[in-house]
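Order of writing sets the chain letters: A, B and C. Residues in each chain are counted from 1.
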């Protein structure tokens, strides 16, 4: 039973103009710059981008697990109407983390303690989750049963026996299932997944992503799925957000963004992929390099590398504009083009 | 460092930054941290004393002046005199020479010998030679260090060189063990595999790839060891089994001062402080050196 | 022309346990990393090797370069067996065949400068006869060939980005004008655009220098793009082999089919119904009897448990090891 049932037309998560710096001595890296987006209840939104674009920082910012050197300059993160940035650490821990908002990471083996059994670790987490606060439960059996249920839900065979295993006895895919079991339950409103399947084999990756999609649908959980693998996002996400050097460049439904990329960077990324090109033909190699976050170019941060750059791009930061309904892009080119496909090569 | 193509043409073309450039970078890195800087300064003072002792010492360390025995710190004898009227300051400065010789000598000998054996053993892991070397290390280590050092000096006779040899012999297994353990992990790295795949000879692999990459813990050990060696030398000399009198060594000064502690405590305080000073110097310096030699830390 | 011909290669790893383990504990375990693999790599072409964890593709590569001891079998490089070469021929092979490692930083000695790293193979070949200037010229030329600034030669590997480090590795690999290069996950850890640069570079080098590539990767889209021929491995065995376009169009083996269907695709037309395989990949210590894939195969038959399917020629050099195509 959720305490504050959100209104039907209020988004589950609304991030407004979130701006975040990493302070490294004298250098200030602007990891996120005026990032704004919304997640509706039950939708899966994919965040794509290359190294340094801020996608991982975004996830950590929402669940407030940023390192000490990070400082939030501006913005709000409204979760079910409440600004998470204003909550204290204690309140985050008691009500939000692990309960309403959970996170899973890339390397499940790093998340599991090798000297404790799976049962001990799962039960420890379940005990701290206040989902059972109404019942005066002290019995170990109750929590063990809960753990078995969670493992069953994630498709692990013979869950009761596997509880007494140690992490090294599980394969990578199974460890990730355990993490998903711990993170995702009927009470979870938002799951943050940071490269959750990047370290897994292809067939296992497909299984895990299907598991995430199925469970999210069953529990009506929204998912913020961060990945550099555009294929995974294309098959999993309802909407896509493309980030570059801390800014959001493009946002829209999956088909809109991938079939009709509106921002030159998105188009360039797609044309760099081997799946888009025939054997023997060159891939697009975007000239230049990603700018350092403490020394971003003026105006649009992509202009030094952009084929379509014009004078205005060097002077002003392009605002996010609606190209077609629901499809937004931060580029001065767009307003004129509408639905035409952008191509570099 | 940005070398433009004109630099490259005009200066001697090289694939590595020149050794003077290297040294300046290393010393700058050490000096960046306060500990390293202090260590550097202290060691410089010690080296200065050791090398320039004849010019720095105000008196001849062996010159006796019975009239002036047990003098406290004063204007002529800055640190006072010992039971034979010899100037303490001069003896400390000459003692520095002994300390530096023993420290560098024993540590160099033991580390070179130990690391060499350890690396070769590690590279040939599992083979008979490896087992033999480990056995050798264990045998030497199973003797309490002091007994072993005493025994060797007793057999060879007390003198500076014998002290150095004895100390080196007790210490080499420690370096060997460290070197071997590091070698075991370094030889599994991709760059060693790459060298093997290129057909590089084992000796070259050991020299170029393995040895430079195992040195970090060895260098830390070196620094600590140098401090320890000074203590050992003092200990052995204190027991009468180190350097022979009348050579001025801090250990001998302790031995002499110990007898007359109630008469003039100064004679024991100065050598003790000198020993402490050298320990601090070596420890701080070696830690700074380890950080400075790591290429990954260079650009911080 | 056959550049590499592998015949019945087996690489087993034996665990070193004390002799008491024969009586107590689980006994001696053998990892059948590469189990009776035969394939041919044609000169001037790219041969892709795909498979998931435990399939043996990395071990196969390591065996070719003699970084790991083969248990039995033959690997012919042109007309000589690599595993039984004398030291002179072996030296020649080692200079003609190079490796690009998966870990782009780990394959470089962190205490050597980039210039020294690239110069190492050059110095070996010339037995140290090259004078300083000629060496420096060569290093400069190689750095430019991979689109890196020549002043990188005095820097250390940790000062470079992932893509640049990868290119340094490539520069070292092409230093001796090799005929054959094995690239082990060459774009792992790289961003999409950096990976594109590396792929373009490697294609250019292949065109210019007529290099034969053995492309080991788990990224099927990349293998489809880069390779002419390929082989799919599962638990130490080759399950399907042939021209890349044939394999992708026909997908004769159920594992190949499941593997390709599992690859997530961006464009809607390419997205396939994923065939989900049951269970986990079995351990290579005790592989299943008969066909190793039978524990997860959606088309499993009774025969699969008892009879191991041989590699059958389906025509036009397309091989498959599956009873579905075995009409005997």
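Note that in this section a contact is a pair of C-beta atoms (placed from the backbone, for glycine too) under 8 Å apart; a residue touches a chain by one contact, two chains touch by 3 or more.
Treat the numbers as computed from the prediction; the structure is a model and nothing was measured.
Asker: For the protein chains shown, what form does their contact graph take: line, ring, star, complete or other?
Answerer: Graph shape, chains as nodes and touching pairs as edges: a line.
Asker: Find the most central chain, measuring centrality by the gap between its CA centroid and the centroid of all protein CA atoms shown.
Answerer: If we average C-alpha coordinates per chain, C lands closest to the whole-structure average.
Asker: For chain A and chain C, what's the span in angstrom between their mean Cα positions?
Answerer: Measuring from centre to centre gives 33 Å for this pair.
Asker: Calculate how many whole Å lie between the centre of chain A and the centre of chain B, each centre taken as the average of the chain's C-alpha atoms.
Answerer: 54
Asker: Distance-wise, how many Å sit between the C-alpha centres of chain B and chain C, to the nearest whole number?
Answerer: 48
Asker: Under the touch definition given earlier, write down the residues of chain C that touch chain B in their complex.
Answerer: 65-67, 90-91, 94-95, 98-99, 101-103, 106-113, 115-116, 119-121, 124, 132-133, 135-136, 139, 150-151, 153-154, 156, 158-159, 172
Asker: Going by the contact rule at the top, pick out the chain A residues touching chain C in the complex.
Answerer: 50-51, 157, 171-174, 201-207, 209-210, 228-232, 234-236, 255, 258-259, 268-270, 272-280, 282-286, 289
Asker: Which residues of chain B touch chain C in the complex?
Answerer: For this pair, the touching residues of chain B are 1-5, 8, 12-17, 189-191, 193-200, 208-209, 212-213, 295-296, 298-299.
Asker: For chain C, which residues count as touching chain A in their complex?
Answerer: Interface residues on chain C, with respect to chain A: 52-53, 161-162, 191-197, 199-200, 203, 218, 220-222, 224-226, 228, 244, 258-259, 262-268, 270-271, 274, 276-277, 279-281.
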